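The following pair of complexes shares a single chain, chain A, combined with chain B in the former and chain C in the latter.
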Partner chain A sequence: MTVWHLDPEAIRRYAQGIAPPGLAASAEAHLMKCVTCRDAIASHVDTRRVEAIWHEVVDRVDAPRPSWPERMLARLGVGEATARLVAATPTLRGPWLLGIAGVLALSVWAAQVDERLLRMLLVAAPLGPLAGVAFAFAGGLDPTREIGLAAPYSGLRLLLIRTAAVLAVTVPIVAAAGLALPGSHWLAAAWLLPTAGLTCAALVLTARMTPVVAVGVVATAWVLVTTPTAMAGHLDVAFGVGAQIFWLAVAVGGGLWLAVTRNTVTIKLGRSG
Partner chain B sequence: MTVRVRGATKSFGRTTALDSVDLDAGQGVTGLLGPNGAGKTTLLRIIATVLAPDRGTVRLLGRDPSRPDDRTRIRERLGYLPQDAGFHRGFTVFEFVDYVAILKQMTDRRARHDEVRRVIGLTGLASVSAKRIRALSGGMRRRVGLAQALLGDPELLVLDEPTVGLDPEQRLRFREMISHAGEGRTVVLSSHQTEDIAALCTRIAVFHQGRVRFTGTPNELTAQAAGRVWAGTQRSAAALAAWRTGDGVYRNVGDPPAGAELIPPTLEDAYLLLMGEPDLEVTHS
Partner chain C sequence: MLTRSPDRREDAQLLAAIVDGDREAFAELYRRHLPWLLVRLGRRCSSPELVDEVVQDTFVVVWRSAGRWDGRGEVAAWIWGIGIRRLVDALRRGRPPGVELTGFAGVERSAEEHVLLAVQYGDVGAALASLSPELRAVVQATVLDGLTTREAARLLGIPPGTVKTRMMRARALLRERLA
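== the complex of A and B ==
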């Protein structure tokens, strides 16, 4: 039992839910331990509200504090449920990201040795984020895939949440690698729209195939088309203004299609989902 | 019937995992019994809406899981513990169960947390609620798997080998929890352990090589072996299977020779006999 008690004014403001956060927090801490003040509060408000408050207090204390990535997302305005879903994305784990960063560092180093490798880096740049999206749903990497498949949560929503999360993390890593490249700086950004377009194309394909296969199809097509021209030195074919407009159109078109069909399309998250 | 499967066939490449399987399951605990590779997991994945059969029809909770709308409705009333249930090992028990609750579309945070606490209490995990899953023993992790399956008090509970890897005491606890869950609900579970099935199930389907070889009650299965188990001082040549029991007497299962000393059969005897006779198919309805 504590010796001090909340003053009547604090109790009134807390009971009516108009206490400033600092006061509310210390009042809550005190109420946890003090029956007298809990009773005092009860006389101020109807019991339903007391129960609701008490419930909230218990929940705050009982439910573990979210991990730091979830708290960070919450600060950015992401809902707590969505933040949990993002935190469970397997390809957002440290080892995976370190892998991507490592490969890129190696390529940057190689690109300084041989100029052709610089072009190959541009070809390879979209593959990092794409792979992150694909493997966010691969059975081997997502240990709870089966449980997720049997849950009613919308497959498309989950796909979009994880895709957005993966892009938000991997694109800056790849971009940093691009900036470390010698040569013109517009090149460092030339893969961004292709990545957006390729991702949207893959997402649209998930109505027909699993994310892993969809990304595989899109990535293969990309590599086959861009490698020969990039190696031949015609970077403008794959990365010029025309190509950029094309990828922008693909991204916008794919996004629109997903938006329009979001309630009717069944995303294939599983092999036979 | 909560679960009604007719003629379900599923192949993986050249392997026929399920070959024209029928299964009915209503309130109570229905057990799929069979050796490894018999097709139990494949059927349970179909019942959990994770997999679609190549051929055959499935009705769950009166709905058709091949239709997207129905499938979502089914999933709202389904709990599923997969065979190799994995976890996000960095999550705490509470966070993980809460994560599945989000996937089960419990949107109101407080109501969801209450439900998470409820299932954590039911499975005896309250004291480790704040522990990371990677710090838990295998038996405890299995409980976490059961806890997430119980979220939302589902009408249909699908449990794939729920007692595998548990020590005898944990196994008993689990049986208790599952039989409790079976009251007023439909539970379909699999096991390759006859004791689990005998202790828990109101109905049994015995699987072998993708086919259902027996359906009926545990007593009906045991009755199959009546007159086919005998005691002797040595292994009988006529026995399909025989083993020495603790008191030094041989227990022979098969077609007894004349004058054999018959003894009451167990479920295990009947199961052994069934596995030893590939052409036999028995259905009790």
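== the complex of A and C ==
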């Protein structure tokens, strides 16, 4: 323990901010080491101020800490509310993503064994992100569903935010799987425009039905049209240049339609909606 | 809540207890360290509201990262390190016009006081006191507050290059006076 202490007058002047520089500097150096003088300062500080700050601190310490993805999004400049919505999307939870990655890894392995499976994989690739979008709104899985139905929040906005988040996460996973495929690399990217087109088509359909049903309709149509042709070896019908332009047109058209009707359309997020 | 029988534990023990989620230990650490931190930061920022906010941030950080204290040196010095950096960050985020440092600038002092101070604190104190407020602020920020050049620049609202040149000038002057 230090034997030398600041005298009460020096402490008073320092605490009131009227100490001259030299005194303040040596007081501060001494305070770092001396418990007695630190305690002596306390009597010069407004108790109400101390209590008020303490309550604020306790409130913040007790508040649940935002999850890691939420904090990352907030750092990227996304608003707090939007970050929470994205983080609450059920499809973006670890197990679901692990599931997609696992299935894709198996399919890639299978595609190397049998070429017909490779074509099936192309047919199935757009279904991954689509299913992600559907499950993001599946009633039993969405923790924010009840709040979402009751809140005065734009359904379209919620739909688009969640869809964008799901695509941002699932598309890279599928793309990585595509790159691992045998054969030419354009195949690895051939499913991207169809995915965009299918997603936009599903989004447009949500004006008439719930997202889960809309995705189901679009996905069923996709499978029914492409599976027979792909199995027969005519990949061009579904993935050729003509088809790519068609899907691009669908994506752009769907996007435009959503943009034009954004103020009038009613999105049915839930069955009761 | 803040008025209880004194806790006999050392600061280091309190921090260890905070790691285990001991709220009592946290309250005790707050009671011991808030007042001086409030005063010391208050000397470096003229807005009490901002100081309150920074102090609040500091103790939230202390609660969350008590485990990161490496066990060396004073707990008070560790808390000060967090506090002064939070203040620098807060000032960088939005430095409202008109916020000026009360650190060393503008503290009026009589000639008598000046002499008394020189006697009381010896050569170093006198040499330090003889520096211009600008130079002294830089010496304080870098030497006494333990900030890096960049952090000192943010705190004082001047470019890092200026901090360096002022520090060089201050060092030369001090050397001259103490020689």
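Basically, the second predicted complex is superposed on the first by the 207 of 273 C-alpha atoms of A that agree within 3 Å, B and C clash if a C-alpha of one lies under 4 Å from a C-alpha of the other, contacts with A are read in each partner's own complex, and residues count from 1 in each chain.
Following the convention adopted for this analysis, contacts are C-beta pairs under 8 Å (C-beta built on N, C-alpha and C of every residue); 3 or more make two chains touch, one makes a residue touch a chain.
Since the structure is predicted, the reported quantities are computational estimates derived from the model, not experimental observations.
Novice: State whether A:67 touches chain B only (first), chain C only (second), both chains, or neither.
Specialist: Touch status of A:67: first partner only.
Novice: Looking at A:150, would you say it contacts chain B, chain C, both, or neither? Reply first, second, both or neither.
Specialist: first
Novice: Pick one for A:88: touches chain B only (first), chain C only (second), both, or neither.
Specialist: first
Novice: Let me test your reading of the model: by the given contact rule, A:77 touches which partner, first (chain B), second (chain C), both or neither?
Specialist: neither
Novice: Is A:21 contacted by the first partner chain B, the second partner chain C, both or neither?
Specialist: A:21 sits against chain C, while chain B stays out of touch.
Novice: Which chain A residues lie in the overlap of the chain B contact set and the chain C contact set?
Specialist: Touching chain B in the first complex and chain C in the second, residues 56 of chain A appear in both lists.
Novice: Contact residues on chain A for chain B in the complex?
Specialist: The touching residues are 55-56, 59, 62-64, 66-67, 80-81, 84-85, 87-88, 142-153, 158, 266, 270-273.
Novice: Hey, which residues of chain A end up touching chain C in the complex?
Specialist: Listed in rising order, the residues are 14-15, 17-26, 28-29, 31-33, 35, 38-39, 41-42, 44-45, 49-54, 56-57, 60-61.
Novice: For chain B, which residues are in contact with chain A within the complex?
Specialist: 45, 48-52, 68, 72-73, 75-76, 78, 80, 82, 85-92, 94-95, 98-100, 102-105, 107, 109-110, 113-114, 117, 129-130, 148, 158
Novice: With touch defined as at the start, can you tell me which chain C residues reach chain A in the complex?
Specialist: 1-2, 26-27, 30-36, 38-40, 42-43, 52, 55-56, 59-60, 63-64, 74, 76-77, 80, 102, 104, 107, 109, 113-114, 117-118, 120-121, 125-126, 128-129, 136, 140, 144
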